[in-house]
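Across the two complexes that follow, chain A remains constant while its partner is chain B and subsequently chain C.
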Partner chain A sequence: MAKFDENARPFSEKWLDERLGVVTLKKVLSTEYWIPKDINFLWAMGMVLAATFGLLLISGIFLLMYYKPDSALAFDSVNYTIMTEVGYGWLWRHIHGVGASVVFLIIYIHMFTGIYYGSYKKGREMIWISGMLLFVVFSAEAFSGYMLPWGQMSYWAGMVITNLFSGGSLEAYGLVEWIRGDYVPGDAFLTRFFMLHVLLLPLVIIGLIVLHFGTLRLPHVNNQKGEEIDFEEAAELYKAGKKKESKVIPFNPVFLSKDVFVMGVYFILFFYLVFYHFDFAMDPVNFDPADGLKTPPHIYPEWYFLWSYEILRPFPKDPGLIAFAIAQVIFFLLPFLDRSPNVAPASKRGLFNVWFWLMLADVLVLTVMGKLPPEGVWNQIGLVSALLFFALWVALPFITKAEKKL
Partner chain B sequence: MKELKILGVVAAFTLLLYWGVEPFAHGQMHKHVEGHGFVYDGTADIEGATSAEKKEAKKAFWGEVNEIAKLEGNAAAGEAGFAMCMGCHMDGAAAMGGVVPPSLDHAGALYDKKYLIALIKDPAMAMNTDHKFADTMMHPMGPVMTMFMDNQSIADVVAYLKEKKAAEPTTKEAFTEACGRCHAMRYAKMTQLGDTPEFKYEKDALAHQIKVLEAQDGVKGYMGKLPPDLSIIIRARSAHFLETFVENPQTQLAGTSMPRVGLNKEGYEKVEAYLTEIGDPSKPKREELGPYVLLFFVVFSFLAFLWKKYQWRDLH
Partner chain C sequence: MKEQGRRDFMGMALGGFTALGGLGALYAMKRSWDPLPSVKAAGFTTIDLSAAQENVLNIEKWRGKPIFVLKKTADMKADDRDVVVGSDRFLVAIGLCTHLGCIPAYLPGEKIFKCACHGGEFDPSGHEIFGPPPSPLEIPPFKLEGKTIVLGEEGPEFIRMKDAGLTV
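Up next is the complex of A and B:
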């Protein structure tokens, strides 16, 4: 058994250290967790995500106090009780709605930052994979949350998305009914998505965030040049006071001070949206109560699902579903499809640079096409962009294999 | 500075994305309907007529309405005519052909003059729902066409309304008189029968509910289906949609049985204000709290910036 100092004051640092190892913990997780100095504000997006998740969690807890998971009561519990009767209920709801939308914008920025700087390979594969798991579970979380107000879009998006599980020609309607707990979305559907949204998925997300942070610790984060840094050596320099020469900084307080500044600026934008510009995140169609007899003229998912929705749409039923399924998981494979030995910003990587910007533009075009009604020229643009999406993935191993070592 | 350049790229892509999925996509999804400032002279009806025959009929009808509008109305003479209106439009009126005739207490303030003329001349034509009737006499208010046969008497009644029934309504009165006979507003505890009273005994509450159901059946029979509850319609439709829809329902939903109610600009603003009070009650609170929250984060960012400067002071 370890030795305990009899005279240590309860809850003093020493007392806690002997019991919990807080001094070591603090070093490992914060004051001697080394971050490269050569980074820009894009490296603050991870903490911005964590903070936004925190806001979603807090606002969600407040909403949960008044929300009623019952298909007869849900709509009015949100739109009347929370919006009218509960003090500041509207504020929590707007924060939650805007947060759910904006978190995806930041996730996409965070992902494309990783792709641009090659932060997913050479020891950073698990960071990428845990990040992608977060993306998938966040998507499920957003979808299940969207069901809860039980408006027209909740209902019909729920109908359309669960229908996908019939697997086209497989006609697995039994599976669809099993998921819904009914022939059509109804009370059972709502209560199980409620459970997923407020309990199971948030638990998984919290676990995955811990995993994601864990995966960062050994490989350390990348930097603007993709330079391989000897962290031990650089840390010694820093600790010896040679801060100018050292290529690293401690997470706390140096990197954190920049994170907090970026977060502050981000929150100005965020709360501007919450107070003055929330419609983009709270679709007007969903302010009509769910009506199984009245299909809305346009059914579309929230903007962050549009690109993959558009990969489903332009193809015939079965190939469309297969394409859709592949699109959901293809980003997981990025570390293995990129065959180049270089960790460097895309701008230094020749053809990969073209690949990166084409991919970004393509996902953007797919997103916009996914919202437009499927008619005329939009169909063709959608089809071409969907094909380009797959062509880019097929080309990736070849162009990266051919890449010269820097 | 390099970071600003990167920020520029991120912002440009974000704005492009926003433009694509919001203004652009919605512009493509919904046809644009031009409003006409809540004046009613038949132009839109004539343009929107579904057959050559209807077009001629509408041209003739609105031509005459425009003529009547030029007559000098005599309010005193109109008062006698108005007594005939009161036969149906009285307090506690019974439903006529499905709907309860509205109170006219603020008709002069709420409705457009030409619309009122048109309404007395031929209700179905004025409401632009003549497609629903083989003979516009069959409209629940059709009988009015036999009461005011000459143009001068129409001008007189309208002059009376515009003079004596022009007190400014509250926003709630505007909604009740213009929309509330067909549309319920459950977030304001209003049904097609008006405010729901407080009942001491459940029996009475249930009896009232039955009356409401009967009234709704009446409206349903007349309209084809029960018009939607308007509690949060203000958030379910864009301001432009609501405005142009109320002005002329046919332009947004061709073939709809919703009548044009003929609100003038001030009247519509009152109704819109009421829809906002009930459907978006946090609006004033948002506007009040917003600046403080933003100010907080501006100060927060400024202090964080100083902290960052301090922490990074001898790194480069």
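Up next is the complex of A and C:
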């Protein structure tokens, strides 16, 4: 049996350490978790995401108190009960709606930061893969949540997205009906997506966040130059008081204080949106109750799905579905398609720099085209950008293979 | 060595029973996601065709889906997919675009169906004539009873169409 100090005061640090190892835990997770000094504000996006997820969770808990998962009651429980009767119900809804939209903006910034600085290779592959898993589950979480107000956009987005599972010419309508629990999105569909949104997917997300943090611990976060730091040596310097010479800082409290500053700026913008500009996250069409006999004249997803939606749109049905499916998973392969030995910012990597900015611009163009009606010249621009998206992925192994070692 | 053999056997026996129980649980979960019997049973709709006017689209509801009923005008081409009642020809089809399931709108002037989602178009016989739809509008299972039509039951006319591969 381990030794316990009889004289330790209950719940004192010593008492807790003997029972839970809190001192070691605190060192491993915060005060001796070393972060390179040479980073910029883009490295704060991870904690910004964690904080936004926290806001979504808290606002979601309050929405859950009055929301009714029933196709006859859902619309009114949101638009009447929560919005007009519940004290500050509007606040939770607007935080939830704005948060769901903004979280994707930060996810995309976080992803493209990782791509730019090469933070997905040489020991950091699992960071990238667990992050991509988070992106996929967040997408499912956003989609299932979008069903819940049961407005016209909820219904028709549900119709279109579940129809994707028929697999085009495979005509797997049985699978589509199985997913819906009905011939069309109905009550069974709403209640099962409610379950996914409030329980199963959040559990998976929380698990994946823990995994994502875990994947960072051994390879450590990257830095602005992609420099390989001897973390043990740098940590010894820091602990010996030579903070200026050391290349690292502890996560807590030094790095976290910078994170908190970035979060402060972010939350000013976030709550500006919540209080004064929440309408961007609230599609007016979704304020009409779901009607299975009337398609809205224009169906488009929320902005964060537009780029992949536009990859589906310009092709015939089967190739469109295949292109769409590939686009959903191709980013997972990034660490393996990038054949260059360099971990460095894109600006130092020759052709990869061109690749990075073309990819970013292409995704932005696809996003804009996805919102415009499928007419005239927009069709051609959409088709070209969709083809460019795939051309870039095909080119990636070749241009990175040819890259000179820095 | 002998000890090892016993342990392996117990491991395999436990693993086997666990796998069996796991499969059973998966089957139960799959069945819980199936459409309910009450949903499946509420699947019949009767429509009276005698009141229909030419070139005016009627939209009925069957199993939650919109059903297009269009009485054809004389200048519209006859088609093997038409539902024929006496001398009248009708298009009876599920009003969901075969691309991704939006409801196309009927434009009586141009005599076409146009889908707002991705720009697909269909002619008055339900054949795709433009855009991404890969196949014609589907025909629901139907049975003719004089001047009324029952959706959800397979009559001889429907079975003939299905056998000829005119609908799924």
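As a convention for this text, the second predicted complex is superposed on the first by the 406 of 406 C-alpha atoms of A that agree within 3 Å, B and C clash if a C-alpha of one lies under 4 Å from a C-alpha of the other, contacts with A are read in each partner's own complex, and residues count from 1 in each chain.
Here is the rule we use: contacts are C-beta pairs under 8 Å (C-beta built on N, C-alpha and C of every residue); 3 or more make two chains touch, one makes a residue touch a chain.
The model shown is predicted, which means the values in this text are computed figures rather than measured ones.
S.K.: Can A:Phe4 be said to touch chain B (first), chain C (second), both, or neither?
M.R.: A:Phe4: touches no partner chain.
S.K.: With both complexes overlaid on chain A, does A:Phe336 touch chain B (first), chain C (second), both or neither?
M.R.: In the superposition, A:Phe336 contacts neither chain B nor chain C.
S.K.: For A:Trp357, select first, second, both or neither according to whether it touches chain B, chain C, the two together, or no partner.
M.R.: neither
S.K.: After the superposition on A, what does A:His298 contact: first (chain B), second (chain C), both or neither?
M.R.: both
S.K.: Please write out, lowest number first, the residues of chain A touched by both chain B and chain C across the two complexes.
M.R.: Residues 298 of chain A touch both chain B and chain C.
S.K.: Within the complex, which stretch of chain A touches chain C?
M.R.: 156, 159-160, 163-164, 168-169, 171, 177-184, 186, 188, 192, 292-299, 313, 315-318, 320, 374-375
S.K.: Could you list, by residue number, the parts of chain A that touch chain B in their complex?
M.R.: Interface residues on the chain A side: 37, 40-42, 76, 79-80, 83-84, 90-91, 94, 105, 109, 243-244, 249, 253-254, 257-258, 260-261, 263-265, 267-268, 271-272, 274-276, 280, 282, 284-285, 287-288, 298, 303, 306, 360, 364, 367-368, 371-373, 378.
S.K.: Over in the complex, which chain C residues touch chain A? Could you list them?
M.R.: 30, 33-36, 39, 43, 59, 61, 63-66, 99-103, 116-119, 132-134, 168
S.K.: For a test of understanding, state which residues of chain B touch chain A in their complex under the given definition.
M.R.: These residues of chain B touch chain A: 2-3, 6-7, 10, 13-14, 16-18, 20-22, 24-25, 28-29, 186-187, 228, 231-233, 235-238, 281-282, 285-287, 289-290, 293-294, 297-298, 300-301, 304-305, 307-308, 310-312, 314-316.
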